[in-house]
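The data blocks that follow each hold one structure.
Both of the next two complexes hold subunit A, though its partner changes from subunit B to subunit C.
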Partner chain A sequence: MGEAREKEFWLLRVDRRWVYLAVAIALAGPLIFRWAMPPAKIGTAEQFFEVAEKIEGGDGKLVLIAMDWGPGTQAENKPQTEMLIRHLMHRRVKFGVISCYVLAEPFLLNLPKNVAADLNEQYEGTGKTWEYGRDWVNLGYRPGWTIMVQGLAKSEDLHDYFKTDANGTDIGEIECMKNVKTIKDMPALGEFTGLVGAVQVWLQFFNRQEHRPTYLHGCTSISIPEAFIYLDSEQIAALQEGVAGAAYYGQLMTEKYVEKGLGKEPEKASSAAVAMTSLSVAHFVIIFFIAIGNFGVLWPRIRRRLGGGTAS
Partner chain B sequence: MRKRVIFWMTFIGGIYFFLEFMLPAEIWLPQSLLTWLKGDGTGPLARNMLGDKGFIFGGLHEDISNGAIITGVMALGLGLINIMRLHGVRLAKLRKGWVHSAGLIAGMLITIFVGFWHWGSPESVTGKLYGNIIMGTRGLFPGLSSAMFSLLAFYVATAAYRAFRIKSGEAALLMFSALLVMLGQIPHGVVFFDAIFRHGPLRDVSIIDIRMWILKKLNVGAFRAISLGFGVAGLAMATRMWLSMGMGSFFQDEEGK
Partner chain C sequence: MDGWLRAEIIAGGIATIAIYSFLWKENPFYRFFEHLFIGMGVGIGIVVTVRNFMWPKGIKPILCGAGLMEPGPRESYGAAYVLYLIPLMMGFLYYAIYSKRYRWMARIVIGFSLGMGGGLAFKGFFSEYLPQIIKSFKPLVVWQAGGGLDWMESFNNVVLFFTLTCVMSYFFFSFDHELPVIKQASASGRWLMMVSFGAFFGATVMARMALLVERLQFLIEDWAPAALPWLAHSGGGGG
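Moving on, here comes the complex of A and B:
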């Protein structure tokens, strides 16, 4: 075995630590220098933007955002969720954040708060403000997965079902929840996750015979192939594919809401675009190593065919 | 006896949730029977399980769901007992690896202590400790968790280097489709593809469209087949659990096997 390994062409036995180093440099470079390339056009992100643009808002309507993700997949799910929250806030559509995943708790609290703070700063002096309770509600982490979602869909009085928000405030006292009584008052569900089976639970149980909300889904890159089956069957109306989808969605948001002068100043390069550029460089490093590996497989054969000796 | 109780509880629980999902919201009953059952309308049956047209099978679903959630949460207690039995004993007897067990138990106890203490007072010292330092978005736990997950990037890179080698026709197909999907979703990939094929016969073809075609046409069919397999297997497993067919090993001692 050892002898066979010794005879292997050197391109086939590059030490894994070199690969690690190359990937680390490729990932860190754009993140450190905030280098952002225009993202690739992702058709599904465009569709997501259009669907989110048509969601009905107004009094007595609440979009539910299920943030079933935690620190492990925040690199992809956080920018996706942030983009939808930003979009809904721009459109003044009220929303509630909820999670079936306990590790999402800090993000449920901080993500909408940070987006609101950013918008409040951007629109300072224009009279436009965003605040907790009026524009969004944090419904917190709710245990029980399938049973919780089933109960939520069947509940005839969501005030009684939730009782309080994540801060312990009575749901009835929260302005954006006042006229939201059942799932029928929820025109859409945004579900973001990297967990296996999470979206299926919402798709199966978060509906009623007389009402099926518009499903928007954001998944990690690894679960894109699976998510496509639900997009193809139109069970989900729109899909954000990993951070690539979030980056393109961010660009569409900038084109629609910032460059037309609605915001005071253009937004900084979005974190999704920077992350995407970083991943893009890392992808090329991976492709480079795949090419090296294959060259290592083919070169000895070519040399033999050309009548040369064995490579070493 | 214990086995029978568990069997019947599982069976009733399983059939309840199945019927609750399958049956219509109200099961029609003759008006005369409905009026008789309702009585003066103040009883628990009339208030929760009888509608205008008939019997509401899921009338107590919210309470039953809460009960199921509470039962599920009890698993946390079981987890604690298991950890203490395994790692507590290892620590007490100073067996090999006791330092790691001590770290695990200390981490668990600190989290429990701070977690309980911070309830209702997020502004307290322990509340801030829990909310910012342990569980905050930039806290200890999310940081460690993200670090664990990000290791995947490095493993994926080395795995791709070692696995994507053209040693057969299937391997070549897998590698080229992976390459096309990768190139189609990254900004550099689009620029790279356009630069190479700008003047050739593929000048009107976009890598983004190729990626989309692979995902929508080739992938969807294959994944549906896999999902169908999952579904059937899940159904079989659920049926086994519902009928308590898999619990033999838990009762070997009781049966004297």
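Moving on, here comes the complex of A and C:
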């Protein structure tokens, strides 16, 4: 066995850890040197932005954001969710965050809070403020998946269904929930997940015969091909594709809401661009390794055919 | 930086490095943090489920309904809430599976769960797949509003039709695949599926890289300045 390996072409004997190291360096380089390229135009992100622009807001309306993700997929789902939250906050559309995934709990609390703090800082002195209860509500982690979602859709009194928010405050006392009674008061659902089957549960059960909310979905890169089925069949109105979709959506947000002098440019936009640049460099490295890996397999055969004997 | 926050960041960085140390080789450092993550995940799950669901939606209404506890200022629970004990006790029947003598009791509640799951799956199937089936019936020739042929849309629909029929023919096992038409169609179906798996694999690579970028961003921008302040002061660390 060892002797057979020794006769292999040297490219086939390269320790896999060198490949890991090369990928790590390719990813870390742009992060260390803050090298950022503008994100590529993504049609679905544009569509997502346009759909989010048209969501009906106002008193008695609440957009539901299902954050069915945790630390495992926060790299992609967190910026996606953050962009929608930022967008809704800019547009003064009230929203509630909820999750069927237990590890999402800290993000349900912190993500909207951090975006609000960021906006409050940006718009300091303009009289514009964002605060919990008035602009958003944390409905917390709700176990039960299908049962929970179906119960939520069928409930005739969401105050009785939820009873309290994640902090234990009575739902009736929360300003943005005061006139929200049933699913019919929820014009849209933003569902962000990296879990298998999560978006399907919401698509299947979060609707009624007389009301079907506009579905916006953010998925991890791994499930993009599957998510396109729902977009193509118009079961979802808009899709954010992985971190790339979030980066371009962020750029559209900046163009619409920041560059017009409505506020200072958020520092985080450049972080997303740096991360995307890192990914692009790493993809080049991976393509390079795929090419030389294939070369490593094919070259000894080519040499044998040409009569060059064994390769070493 | 707040002391607790700094400790949190440093611990997070050590945990990240420990998990990635598996890439070098299997080691006790990795194994310890892997078990720690699983244990913490389960622990958080139990605490949050009891706090957010079991207590406010199950135990508290029963206690208030039975008059053993005072409800909150805007809450009201009638005596009927004591009936919640019935589904609660039924749920507990699941644990009878551990007893040889009472195992039959667990079958009752498993039967209920299976029936409920079947019913929900039935509804779920129709609300998820029917729209997809309906949308797969597309015209092969699409005309623009002005009257001209929409070449791109027509081409897309032809590709969809071809792919759909070829892939479906691959999975038809009720007739002979040696028939030339079926053989060619199912072979094309296999190739088209390979293309689709390639797209899936590419997406998988991108997803894994995105997760790694987030961790590297954390290590470079948050962890390094917190754990190695001398490095950040000397201009390294990037953040």
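Definition applied: the second predicted complex is superposed on the first by the 287 of 312 C-alpha atoms of A that agree within 3 Å, B and C clash if a C-alpha of one lies under 4 Å from a C-alpha of the other, contacts with A are read in each partner's own complex, and residues count from 1 in each chain.
Simple rule for what comes next: contacts are C-beta pairs under 8 Å (C-beta built on N, C-alpha and C of every residue); 3 or more make two chains touch, one makes a residue touch a chain.
If you're wondering where the values come from, they're calculated on a predicted model, not measured in any experiment.
After superposition on subunit A, the partners subunit B and subunit C collide with one another.
When the two complexes are overlaid on their common chain A, residue A:Glu76 makes contact with subunit C while staying clear of subunit B.
Of the two partner chains placed by the overlay, only subunit C lies in contact with A:Phe33; subunit B stays clear of it. By the touch criterion stated above, A:Val51 is placed in contact with neither subunit B nor subunit C.
In the superposition on chain A, contact of A:Thr164 is made with subunit C only, not with subunit B. By the document's definition of touching, of the two partners only subunit C reaches A:Ser271; subunit B does not.
By the touch criterion stated above, A:Gln150 is placed in contact with subunit B and with subunit C alike. Of the two partner chains placed around the shared chain by superposition, subunit C is the only one that A:Ser223 touches, whereas subunit B remains out of contact.
Looking at the shared chain after the overlay, A:Asn207 reaches subunit C, while subunit B stays out of its contact range. In the superposed pair of complexes, A:His283 makes contact with subunit B and with subunit C alike. Shared contact residues on subunit A (touching subunit B in one structure, subunit C in the other): 20, 23-24, 27, 72-75, 103, 105, 143-144, 150, 221, 224-225, 229, 232, 242, 244, 279, 282-283, 286.
Looking at the complex, you find that subunit B touches subunit A at residues 21, 25, 58, 61-62, 65-66, 68-69, 72-73, 120, 131, 135-137, 139, 141-146, 148-150, 153-154, 156-158, 160-162, 164-167, 175, 179, 182-190, 208, 212, 215-216, 219-220, 223-224, 227.
Residues 23-24, 41, 44-45, 48-49, 52-53, 56-57, 72-75, 120, 123-124, 127-128, 131-132, 134-136, 196, 199-200, 203-217, 220-221, 236-238 of subunit C touch subunit A in their complex. Looking at the complex, you find that subunit A touches subunit B at residues 14, 16, 19-20, 22-24, 27, 37-43, 70-75, 103, 105-107, 110, 143-144, 147-148, 150-151, 154-155, 161, 168, 209, 221, 224-226, 228-229, 232, 241-242, 244, 276-277, 279-287, 289-290, 292-294, 297-298.
On the subunit A side of its complex with subunit C, the touching residues are 17, 20, 23-24, 27-28, 31-34, 72-76, 102-103, 105, 140-144, 146, 150, 163-164, 166, 170, 172-173, 194, 200-201, 203-205, 207, 220-225, 229, 232-235, 242-244, 271, 274-275, 278-279, 282-283, 286.
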